[in-house]
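Supplied in structure tokens, the structure appears directly below.
Chain naming follows the written order as A, B, C and D, and within any one chain the residues start at number 1.
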Amino acid sequence: MTTAVIQDTKMKTFEEMESAVRSYSRGWPTIFNKAKGYKLWDTDGKEYIDFFAGAGTLNYGHNDQAMQNKIIEYIQNDGIIHSLDMGTTPRKNFLERFNEVILKPRNLDYKIMFPGPTGTNTVESALKIARKVTGRDSVISFTNAFHGMTIGSLSVTANSFKRHGAGVPLHHTVSMPFDDYVEDQDSISYLERFLEDSGSGVALPAAIILETVQGEGGINAARMIWLKKVEALCKRWDILLIIDDVQAGNGRTGTYFSFEPAGIKPDVVCLSKSIGGIGLPMAITLIKPEYDQWGPGEHNGTFRGNNLAFIAATEALKNWESVEFSEAVQEKANFLRETVQKLIEKYPQLKGEARGRGLMQGIAIEEEGLAGKICAEAFQRGLIVETSGPNDEVVKFLPPLVIDREGLEKGLSILEESIIQVTA
Amino acid sequence: MTTAVIQDTKMKTFEEMESAVRSYSRGWPTIFNKAKGYKLWDTDGKEYIDFFAGAGTLNYGHNDQAMQNKIIEYIQNDGIIHSLDMGTTPRKNFLERFNEVILKPRNLDYKIMFPGPTGTNTVESALKIARKVTGRDSVISFTNAFHGMTIGSLSVTANSFKRHGAGVPLHHTVSMPFDDYVEDQDSISYLERFLEDSGSGVALPAAIILETVQGEGGINAARMIWLKKVEALCKRWDILLIIDDVQAGNGRTGTYFSFEPAGIKPDVVCLSKSIGGIGLPMAITLIKPEYDQWGPGEHNGTFRGNNLAFIAATEALKNWESVEFSEAVQEKANFLRETVQKLIEKYPQLKGEARGRGLMQGIAIEEEGLAGKICAEAFQRGLIVETSGPNDEVVKFLPPLVIDREGLEKGLSILEESIIQVTA
Amino acid sequence: MTTAVIQDTKMKTFEEMESAVRSYSRGWPTIFNKAKGYKLWDTDGKEYIDFFAGAGTLNYGHNDQAMQNKIIEYIQNDGIIHSLDMGTTPRKNFLERFNEVILKPRNLDYKIMFPGPTGTNTVESALKIARKVTGRDSVISFTNAFHGMTIGSLSVTANSFKRHGAGVPLHHTVSMPFDDYVEDQDSISYLERFLEDSGSGVALPAAIILETVQGEGGINAARMIWLKKVEALCKRWDILLIIDDVQAGNGRTGTYFSFEPAGIKPDVVCLSKSIGGIGLPMAITLIKPEYDQWGPGEHNGTFRGNNLAFIAATEALKNWESVEFSEAVQEKANFLRETVQKLIEKYPQLKGEARGRGLMQGIAIEEEGLAGKICAEAFQRGLIVETSGPNDEVVKFLPPLVIDREGLEKGLSILEESIIQVTA
Amino acid sequence: MTTAVIQDTKMKTFEEMESAVRSYSRGWPTIFNKAKGYKLWDTDGKEYIDFFAGAGTLNYGHNDQAMQNKIIEYIQNDGIIHSLDMGTTPRKNFLERFNEVILKPRNLDYKIMFPGPTGTNTVESALKIARKVTGRDSVISFTNAFHGMTIGSLSVTANSFKRHGAGVPLHHTVSMPFDDYVEDQDSISYLERFLEDSGSGVALPAAIILETVQGEGGINAARMIWLKKVEALCKRWDILLIIDDVQAGNGRTGTYFSFEPAGIKPDVVCLSKSIGGIGLPMAITLIKPEYDQWGPGEHNGTFRGNNLAFIAATEALKNWESVEFSEAVQEKANFLRETVQKLIEKYPQLKGEARGRGLMQGIAIEEEGLAGKICAEAFQRGLIVETSGPNDEVVKFLPPLVIDREGLEKGLSILEESIIQVTA
């Protein structure tokens, strides 16, 4: 039997039974079985280095031992697993610890909301509360933003393929240029002009929503000064500032929240992905107390009480009790950035451009399709890495934050081999 | 210290740190800790009979031993927990078992899609695919429907408080009268007239979406003949029929799918809640192969690969390998229906009306606020039961399907005591 | 040269230079030149009886002598012709006379607004003010309603071909069943149920808009009791009642306003078409003083000051100084109704159904396409009469109100000949 | 009796009977009676120089003698006045003459559509056909655009007060920066970037609609190179280019169409206002033959056959048979521009900025409210001139094109006196 046939056989169940919508099992056509730290193994026992981290969900790596232990213990004790937003011990513990470890030390005061346990759900809740509080209907989002796939969050997502998938026109939103969007033009001046001119055709919005580093949009990192200016515009016109920190939060850029270095205090913050610690579905929405104007149950969802996730989430907070974790991430980020720069210089045929911040980096590659070929080759060689950007033109590095120097080097070495192979 | 003060202290964390949007922890002001089968215990050790089942998520009861074992084993073996839609062993197993145990025996042919792991997400995916396939934008839903809280699914949800929470007008949908909505008037003739008249002001929709038994809307059970007629209208005008079986599916009404007794074959079926077996977030969308016209990744979501849920879900399918489970549910449903009838007759002051089907039943109570008082009293007495309906006028019975006769009797006996107390 | 060729030559300019959107010049392929009273003549000198009256714009007939004189005199004196909403003598005179002759005697108190001089513009202004006053966004309209072709008024128009022409989905409106829409079902119960149930999926609207007799929709005349009930629903829920009297007003049904026999007092009334007396563009919106909450210029339009129209309009009001005009219309309406009934009985193959009220009547004909054939034949024989209804199934009689008995008889006699010819 | 009391008495009818929406009768509180050429007289016999021209409707001045004669003759002969889109002699003559005098000599090939006789109606028809032809739903318009007040055209109008008046969110449109909108930034690069990036959040639109000189928006004249670039973008992405020449067309800027100097050929052109010659309601939409894909009656309107307007319109075309008319306008425009410059220099306290092109010019004045005060003073002194711009900051000069040098000088002299008085 040839390899091709074996491959075919392996993926048969997915090909025959699963909807055509499936995507990752196409690019990585194997069956994953086990995972630990920054490594995965498929059913053939082949090992993979993880530069993907569940699209930013596994910042603490796969199967953290302490989290595993806590979850198993809870199940063995018949702890309540599903509870909507009833009071439970894990929910109580998470609330208290999140406040102590994350909010208080950062001098942040937020009410914590548990929407349905997905990124799109926290975004939908953020948009709703901003509209309720301000009585305005429109929201400003940015070029190449990604906020989710349900109609509310999709309406602030920029990608045309994804928007078109809605099957209906998407309303009540305006797309503005992200930092550095048009060469030599200052996107803040545009935004400001549209807001201050009553004849601009753009109404004062309920909110401005943004990712400080756009993950799906091509690893575009806004400058801190740009974030500060956006916050200032929001204050000037009583617009709520929503930071969607679903992918860039939870330490991904080196600080717990990605906006910390800018010194801003968003009105609403969306968290999901790595908030659940071990990869279990969970999301929270942080809302400044003065804007927490919900009626009881005005936004709800069946799985807003995923207790196993709360347990792992609470355990994960331990990483934030001291500055060590954060410092280690930043150190690894520096190493990654240096290596990326070296690769760009060493392989000028890539016409590569370094992107990103923290452990959320990428190389934009000019030639159409080349980034995808590099990722495909890397998979064959045992590295899980994917593309992003409107034309899949960016090779995106999103390793678990707990990866060690050895893992990073090994992964980058596979990447370099793949570049050589593909550009040969 | 008085009880009131203790109560206050107990819920302090939730009151101070959680958003005002929280709801269940208001009506049931305690902290739940453990749960098994049809019972829960709070941190004070108080026991509760569960007539709520996580709003239909715990059809197989709390902490099913076999499911617990499988999950623990998987974690202990460092099984991959989070995987988006990559191929994994638990995903493969679920696909194969679901096909063998559920689809094939019912002569149903569906592609299986994994949207984000919540009810609202499967509904959003169903609406998208219907719009894509038909090229039409509007969707017909029904009075008192509940399909979710994100903007797409909220647009087909009928409740005005929930719709208003959107903060924007909801578009591309038309609300039609559910079965038996207006006294002495046939809602099918009405619907048919609107569809056949090109001057009706209602465009041919992409889809008609419905729950066969409306859970949140007041436990309104459509007649089988009505469902058949809706399917016939859909066929006549090439409209996709979407059954939202998130709450009524997974055996809740006695058969796996709630629509089986009507002999219809929906084009799209939405499942969530109890699909995950033990209460972990999971959802699937079933799509007839000819309508599975998605592009890869056209609808996605980070948590569409919740492997722990897949494991429990696969284990749960064992219940459907023979007819015994189904028959037992129906038997319990009959007993519940008889008891409900007796209560209505015994307490005429309720002006009660029996509602529902299978183990999804309720008593509609005329006097405003009375249903809520009964539920509050029941909670004090150790029974978890909630209201539904546009004015919270229905006491809703949704026990785990695995409840035994003793549990049902005990719960109903607490209910009767509560009625007596409240109507005294 | 054959007749067909001559015909071709005659219409060449329109065929070659005018947009494909042209419609009446297709059904009546000739060039009209002169007109007086209820007669028209084309450039070949052929005479036509007018049962169309400019789609209800020529209630006072073509070229009323007194109106002609007044207009000519005004022009000869260099009276200001175009004035937006500046103060002018003809505007002042119209305002005063309309108040004295129409409003006061009917005990109606309205502010008079001059929107752009077309029907669709008065409807757009009515929808705007209703939304502003109530702060609600949606409007309820009825099956087979026609209110105009600009996006606002089109959104409350029911015809699917016309709606589809928008090229965008039409929002913020709900279509409800008009009087007698579904056989044996009471449309008021439906409407009431939807309004009173907070779980109906239909929000409380800013307004209910309706035509008392639907012209384009098939000459459907609502019963007075139905109109009264709609008004009562509006009062109960603080919904503004908008009567679109563009076609049915100005005496068309026998009284000045079509709603007078119902004894209701709408909150907003839309008038256009015959308001301008001689067929010149003009429209007014009547608004109860308490709802006249416009800011200056909040709705405007260049041609809202068409002084020639004001002059003819003021002259036309003379007809309403006594009851004679109204009584004469009702007498002619009775004669028309009797003749229509006789025709239906005499030609049972039509399966005809009498429709309408006043001099706004029609015969609905079951066989598809037959109504159109009768109208085409009538044109050849010198009668201008058109179809209406969603499938063009109604032969519509809309003669000038000033037609005399002889004219009516002559027209109806041509109609009968056409029926005989076509059904032969 | 004091003057104030007389004034009060004079306007009493308007104040008491007309809706609060009236605007011009507030700023110019008198009753106009007669008008000829560039002069108006009120009922007190006071004379006014007209620098307003019916907001651009009276390019040929008031009561042109030849037009008056033709209209009177037609009425006296019982010419058909109202005809929807039936064939009539005046309609035929207009079509033929417009083709010969305007289109052919400019090498333009358009089908001519008669929408309802107002500017907003031609814009609504343009948007509809663009959406139908392309199958796309959104339309790009520009900052400070004004296209009309019905929901379709209002959705491409930028002014926030006017948009807010809709009472509903306005959809399917995107506002982009007009030429020179943000200092030192190139609005074309901005627009281009949004169009070429599939991740911009802005879908490819059906059309781009613009005024070459924005009248209501503050007399902002786009440069010819900017117009050329917009046309190039439209061609590159198969976007229809709609020029709304309602105010700037009909010779206002010196050429018949305002876009002629740019050498572009728009796909759709909207004309109204002065197209009717003498100020009677009329509008046409010009559509390239390949885009004239209307179904018969897909857009219609009762007053699309205003024969009196067609007669004056045909007469007005005589002005375009030679170049003299056009040259005279340009000469007067130069004089106006020079005088405006002189005034700006002479009165530096205005901080004035010259705006506009042809006989569509203005002075933007920095100090809030000053422009309005100048216009109010001018009215007292016998000059009709109004403000425009988002903050009414521009004094707008729109004299009839037929004004002579004397008239211009007289008007500008009153203006100067008013400036002196107000800034004193």
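Here is the rule we go by: contacts are C-beta pairs under 8 Å (C-beta built on N, C-alpha and C of every residue); 3 or more make two chains touch, one makes a residue touch a chain.
Since we're looking at a predicted model, the values are computed, not measured.
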{"item": "Between C-D and B-D, the pair with more C-beta contacts", "value": "C-D"}
{"item": "Counterpart interface for B-C, drawn from A-B, A-C or A-D and sharing over half of its contact pairs", "value": "A-D"}
{"item": "Inter-centroid spacing, subunit D versus subunit C (mean Cα positions, whole Å)", "value": "30"}
{"item": "Between subunit D and subunit B, distance of the C-alpha-averaged centres to the nearest whole Å", "value": "58"}
{"item": "CA centroid of subunit A to CA centroid of subunit D, Å", "value": "50"}
{"item": "For subunit A, residues contacting two or more additional chains", "value": "137, 161, 168-169, 171-172"}
{"item": "Of subunit B, residues touching subunit A in the complex", "value": "10-11, 13-14, 17-26, 28-36, 40, 43, 54-58, 62-63, 68, 71-72, 75-89, 91-92, 95-96, 99, 111-114, 116-121, 124-125, 127-128, 130-132, 137, 148-153, 155, 161-162, 165-169, 171-172, 206, 272-273, 278-281, 285, 287, 292-303, 306, 308"}
{"item": "Complex contacts: residues of subunit A adjacent to subunit D", "value": "137-138, 141-145, 157-161, 163-164, 169, 171-175, 177, 181-183, 185-186, 189-190, 193-194, 197-203, 217-218, 389-391"}
{"item": "Residues of subunit C defined as touching subunit A within the complex", "value": "168-169"}
